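Starting off with a structure, shown below.
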Amino acid sequence: MPKRDSSLWTKCPKCGEVLYRRDLAANLDVCSRCGHHFRMHAYDRIAMLADGDFTEIGDEIAPGDPLGWTDKKTYSAKLASDREQSGLNESVVCGFATIGGFAVALAVMDFHFRGGTMGRVTGERITLLLEEARRRKVPCTIFAASGGARMEEGMLALMQMAKTTAAVTRFMDDGNALIVVLTDPTTGGVAASFAFQADVIVAESRAMIGFAGRRVIEQTIRQRLPDQFQTAEFLLEKGAIDMVVDRHNLKPTLIRLLQYVCHATPSFVTLSAPQSGAVEGLSKGDHAAT
Amino acid sequence: MPKRDSSLWTKCPKCGEVLYRRDLAANLDVCSRCGHHFRMHAYDRIAMLADGDFTEIGDEIAPGDPLGWTDKKTYSAKLASDREQSGLNESVVCGFATIGGFAVALAVMDFHFRGGTMGRVTGERITLLLEEARRRKVPCTIFAASGGARMEEGMLALMQMAKTTAAVTRFMDDGNALIVVLTDPTTGGVAASFAFQADVIVAESRAMIGFAGRRVIEQTIRQRLPDQFQTAEFLLEKGAIDMVVDRHNLKPTLIRLLQYVCHATPSFVTLSAPQSGAVEGLSKGDHAAT
Amino acid sequence: MSNNVIVERERGLGELERRIAELREASAAQPLDMSTEVAALEGRYRQLLAELFGTLSPWEKVHMARHPARPTSLDYIARFDRFDELHGDRHFRDDPSIIGGFALLRGRSVIVIGQQRGRDTKENLKRNFGMPAPEGYRKATRLARLGARLGLPIVTFVDTKGADPGITSEEHAQSEAIATALVAFTTAPVPIVATIAGEGGSGGALAIAIADRVLMLEHSTYSVASPEGCAAILWSDAGKAEEAAARLKLTADDLHRFGIVDEIVPEPLGGAHRDATAVVNATLDRIDAALSGLTALPAARLLEDRYQKYRRIGQWQAEAQEEIERVH
Amino acid sequence: MSNNVIVERERGLGELERRIAELREASAAQPLDMSTEVAALEGRYRQLLAELFGTLSPWEKVHMARHPARPTSLDYIARFDRFDELHGDRHFRDDPSIIGGFALLRGRSVIVIGQQRGRDTKENLKRNFGMPAPEGYRKATRLARLGARLGLPIVTFVDTKGADPGITSEEHAQSEAIATALVAFTTAPVPIVATIAGEGGSGGALAIAIADRVLMLEHSTYSVASPEGCAAILWSDAGKAEEAAARLKLTADDLHRFGIVDEIVPEPLGGAHRDATAVVNATLDRIDAALSGLTALPAARLLEDRYQKYRRIGQWQAEAQEEIERVH
C-alpha cells in the first residue's frame, strides 16, 4: 500500500469540519458533515470496489521522460516526488477483480499522481487492460479522474486519446460493455476520449466534469461561472451522462449495471454473485472493511 | 401527361404578378419576378430532371379504401377527383431514369394529389423502388412533398413510415446512396421517415419543412410564428439539412452529388455523362425542353 | 367537471360505491340485517358498470386511453424485477417525457423505454404531457442502440398524444429525431416488444413502436393523428373529433385485424385502472412470453421477419386488398 | 503593431520590396541604368529573408502557424477539382468553424473536412476563430460516417487553436462530441489522410486528425496544449509561452521523429503564404499520392494498420524507450 500523508486529522475543504482520518476512511472518504466526496486514492477505491483480490497489470511499465522536460524541476524529479507522495508510479492503476461476483477489468485513475494527467504510460496501461479484457470477454470499468493530457509528455500524451480510442472501439465492437465512472475532476483529453465513449456513464456526486477547465472558460468569457456549472448534477440535466451516484451507492450500482450487461439471470446471480439482496442492503462502511 | 388546369395565365401567390403559363413552365415554375417556386407537378419535375426516358414502376398499384372512409365525400370519390385534377393515381411517381448520365431510381411526390399525403400505395411504391434500386445497385433520389400521413387510410398510412424505413435501411446498408430533395412542403410522417434518413438532404429554396404543421404549432403556443420559421433557409442555419438549392441549380447539383456517390472518375464522366462543363454551363430553360 | 367522458361517468359510480360502503359499515355496526339492501345496491352497481363500460365507442376509448388514472409506463416499469434509469441524449438535454434504462423483467436483462406523461398537473408540466422533444427520441435511439450493441432485448411502452409540436422541437429537428429512431428500432438485431399502453399518437408513438411483437391494451388507441387533429386537418373543425375517432379505426380490434397489432391485452370492465396491478402483471407476462419466443431466433431471422412484417402492412396484393375490403 | 512576430518582421521586408519595385520602375522609365542598384537591393533582400526566416524557433513557428495570410482549409479546398459543401450536425446548428462536404481531388471522390478560421476579423467572428463547438465536431463525425458508408476516402485539414472553451460548448457536451469524432475516424473503413495545415491545438485538433497518413507543413505546429495554455497551467504565467513552445516539441521535425507525423511538406523561405499556390498544390499532390497507396489496401488491412499505428505511439518497449531517449 502507498505511503501517504499520515497525519491523524484532516479538514473538509468544503465545510471546514475537522475529520478524524480513520473515520473519514471508514466513511469512504466522504465528509460526514456535508457529504463532500474527497478525491480517493486509487488503491482505496479498489479496496472499496473489489470483492477480494485485485490482480494488477501494467504496473511494471513506468513513465520515462520522452521530451527531456525541465522547468523548475526536471520531469523525472516531478515523477519521483509524485511517486513518493502518492505511492503510485503512474496516474492509473489497472487490473482484474471481481465486483459482486462479476469478473471485470478495472482501471482507476488517481488525481494524486500528476493531477491524474494522462501520459504515455496511462494510455498504455488502459490499452493493455482493454486488450486483455477483450481476450477474456469481461466488461471493463474505468474510474476517470484527470486534469487532461500531461504537458510534460507533449504530443505523446495527447496521442493517448487516439490509442485508447482505438482500444475502446475494438473492445466494444466485440460486444463487450464499457462502464465509466467520472470522478472529481474529469476534464480535457480523458473526458474527450474513453470517458465519453462508454456504454454507461456514471458520475460521482458533485464531481467536476468538462472539456475545458473552469479557469480557461472564465478567462475566455471574462466572467465568473456559476458554482453549479460543470458539476455531475449539471451534466445530468444537460443529458450528457446517465446517472449521478453517491459514493456509498457506487458499488451496489455497479453490481446492478454489471448484472444487466452480463445478461445475468437470477439463477446465475444466486449461484455466483453475492446476491441482489445483500447488495441492496449494503450499509455504509461495509466496503472499507474489504 | 396529366390533364390539368389549362388556363393561359396564373397569378404568383407570393408577389401577385400575373404570369403567362408557358413562360412559367419554361422557367421551371419559378416566378420570373420574385423567384417564388411554384409546387411542381411530378411529371414536370421528372421532365426537368431526366436526361431522356423515364421508366415508371408501381403505377399499376392504385389506392383502395381500406377503412371504408366517408365524410362529406367518400374517400374513393376524393381519390377520383384528385386523379382527375392531377393526372396522377397516387401522391408519388416512381421509376428509373438517367440524370447526367447516371442511372438512378427516382421518386417524385406531388402535392397536387391529396396534398402529397402518404398512403399505403405511396409507401408501397417507394418501397418497391428502393428494393429494385438495391437489386440494380443504383443511387436513389426522392423528391419529398407531403402534408404527412394520409388520414383517410388511418394507421395503414402511418405504418408506411415503418415500411419505407425498413426499405431505406436495407438499401443503405448495402452501401447505396440516398439523396433526398425536400420541396414545399415536407412535413409529418414523410419528413420523419425517409426524408430525414438520407445521406444527403437538399432543400429547394424557400420550401416549408417541419414535423408539426405551422397551424398546429401556432395553436399550441398561441402566438404567430415568424415567416422565416420552418423554411429551408432556417433549417440550414439550424444544421438540419445539407444545402439549399434554387430550382434552376437543382439538376446540376444533383449530377455533381451523383458523381461523388458513384465514385465517378473524370474518365468515367467524360465517357458516359454529359460532362461537368456542360452541367455547369446549363442555362435556365434548358431543362424544360427535355 | 372533467373533460374526460370516462371520468365523468365514474363520478356517479363513485357516489354509488360510497353508499354501498356506508351501508356495509352501518350493517356491521347494527343488529339490523341490511344484506338485502346491500346486495340490491351491488347488483345495481354491476349493472351500471356493464351499461356504462360494457361496450365502448372509439371516442370513449380515446378518453379511456387518456384517463388520468390509467397505468403509465412507469407503472409498468415499477413491476419489473428492477429498473435503473439511464438519462440523456448525450448532447443537449434529458427529456423527462421519455424514460428508459436497464431493467430486469422476469429475470431477463432488457432495455426498457417508455413515453411518460404526468400523473398530476405538476408532473405533466415536467413531462410535457408525455409529448417527447427531439432529445427524448434521441435518448430512445441511444438506448435502442445500447441494447443492440450488448444484445439486450428492447421493451417499449407507448403512451403519447404525439411528439411535441413546439418551436424548440422544430429547431432541434424533430423530424430527424423520429426518423433516426425508426432506423434504430428497425435495425437493432435484438428482440423488440412494444406495448401500446395508453394513447398511441401518430409518428411520435411509432418512433418507439417498431417491434417484432406489438401488444395493445384492449382500450388503448393507436392512430395516424389524434381525432381532434384529424378533424381540424380534414374539416377545420376540432369539434368533430368524435366523428374522426369513429372513422380512424384506432381501436385494438381494428388494428389487430389490419395486422398492425399482434396481440390484445384484455382490460377489466371499466378499464385498466380498475385493476391496474392485474393488468400490468398480465401485460408483463405476455411481454415475457413474447421475448421467450423471440430470443430463440437467430438475429438474422429476427431482422428478416421484422422486415417482412412491416413490408406486408399495406402491401398491394389483389387478395390482401379484397380481404381487407371484405371486412367492411 | 501586430502581435504576430512573423508579421512584424515582414513589415520591414515589405518596405524593401516596395523600394525595389520603385527602383525597377524608375529604371525602366529612365535611360539611366540602375540595374546594379536593383541587384544590390535584391541581394540585401534575399539576405534579410534568410536571416529572418532561415531558421525558425518553435515560438516563431507558433506565430508562423497563426499567420493571418497562411493558407486556411478553404484555400486548400479551393484547389480541389470541385467542392460541394454539406452543412450541419442534423440536430442543432451548422458550425462554420468546421467546413466539410464532398469534393473531387485529382478526379477522386472524397469527403473533405477542415477547421476554418477567419481570414479577417469579420470572418473570424463568424467562424469563432476556428475553434469548433460540439456541433462542428458532430458535423465532422457525420461526414466521416458518410464517407465510411459510401466508401469515400476522407481528407482533413487541421487548423485550430483548439475546441471552443465556451459555456454553451460545455453545455452541449464538447467532451462527448470530440470523443465520438475520435471513434468515427478510428473506425471508418476508408483511407484517411490528415494534414496539419496551421495550428494543431490539442484534442480539438486531434478530433479530425486520426488518419492513416498524417502530413504536416514544415512550419505548422501540433501541440498537446497551446504554449500560452501550457505556461498558464504549469507555471500560472501565460507570459512564459515562448519557453513552453520550446519544451513542448510541437514542430514538424519533432513530431516526425516521434512517429506522430508521417510526412513533412516543405514551405518556401518565409512561410507557406509567400507562395501559397505552390504549397497548396504540393500538399494536394502528396495527399493524392497517399490516397493512391491507401486505396489499394483492403479495408481490414487499413483498419489493422491504423490500429497498430496508434497502438505503437508511446508504447512501452525497452528498445523504443531507449531509442526515444537517445534522441535527447
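By written order: A, B, C and D. Residues from 1 in each chain.
The rule is short, and it goes like this: a contact is a pair of C-beta atoms (placed from the backbone, for glycine too) under 8 Å apart; a residue touches a chain by one contact, two chains touch by 3 or more.
In this text the structure is predicted, and so the values were computed from the model without any measurement.
Asks: Return the chains shared as contacts by subunit C and subunit D, ordered by label.
Replies: Output, common partners of subunit C and subunit D: A, B.
Asks: Indicate the whole-number Å distance between the mean C-alpha point of subunit A and the mean C-alpha point of subunit B.
Replies: 52
Asks: If you average the CA atoms of subunit A and of subunit C, how far apart do the two points sit, in angstrom?
Replies: Here subunit A and subunit C have centroids separated by 41 Å.
Asks: With chain centres taken as the means of their Cα atoms, state the distance from subunit B to subunit C in Å.
Replies: Once rounded, the distance between the two centres reads 34 Å.
Asks: What positions in subunit D touch 2 or more of the other chains?
Replies: 90-92, 171-173, 176
Asks: Pull out every residue in subunit B that's touching 2 or more other chains.
Replies: 196, 238-240 - these are the residues of subunit B that touch more than one other chain.
Asks: What graph shape do the protein chains here make by touch: line, ring, star, complete or other?
Replies: It is other, because the touches fit no line, ring, star or complete pattern.
Asks: Chain pairs in touch?
Replies: Pairwise, the chains that meet the contact rule are A-C, A-D, B-C, B-D, C-D.
Asks: Which residues of subunit D touch subunit A in the complex?
Replies: Against subunit A, subunit D makes touches at 163, 165-167, 169-176, 178-180, 182-183, 186-187, 202-203, 206-207, 210, 222-225, 229-230, 232-235, 243-244, 247-250, 254-255, 258, 260, 306-307, 310-311, 313-316, 321, 324-325, 328.
Asks: Which residues of subunit B touch subunit C in the complex?
Replies: Its residues touching subunit C are 61, 64-72, 120-121, 123-124, 127, 147, 149-151, 153-163, 165-170, 173, 188-189, 191-197, 209-212, 215-217, 220-221, 225, 229-230, 235, 238-240.
Asks: Under the definition above, what is the set of subunit A residues touching subunit C in their complex?
Replies: 172, 175, 177, 196, 199-200, 236-243, 253, 256-257, 259-267, 276
Asks: Any idea which subunit C residues touch subunit A in the complex?
Replies: Within the complex, subunit C touches subunit A at residues 81-82, 84-95, 101-104, 107-109, 135, 139, 146, 149-152.
Asks: Per the contact definition, I'd like the list of subunit C residues that touch subunit D in the complex.
Replies: So the residues of subunit C in touch with subunit D come to 90-92, 134, 138, 171-173, 176-177.
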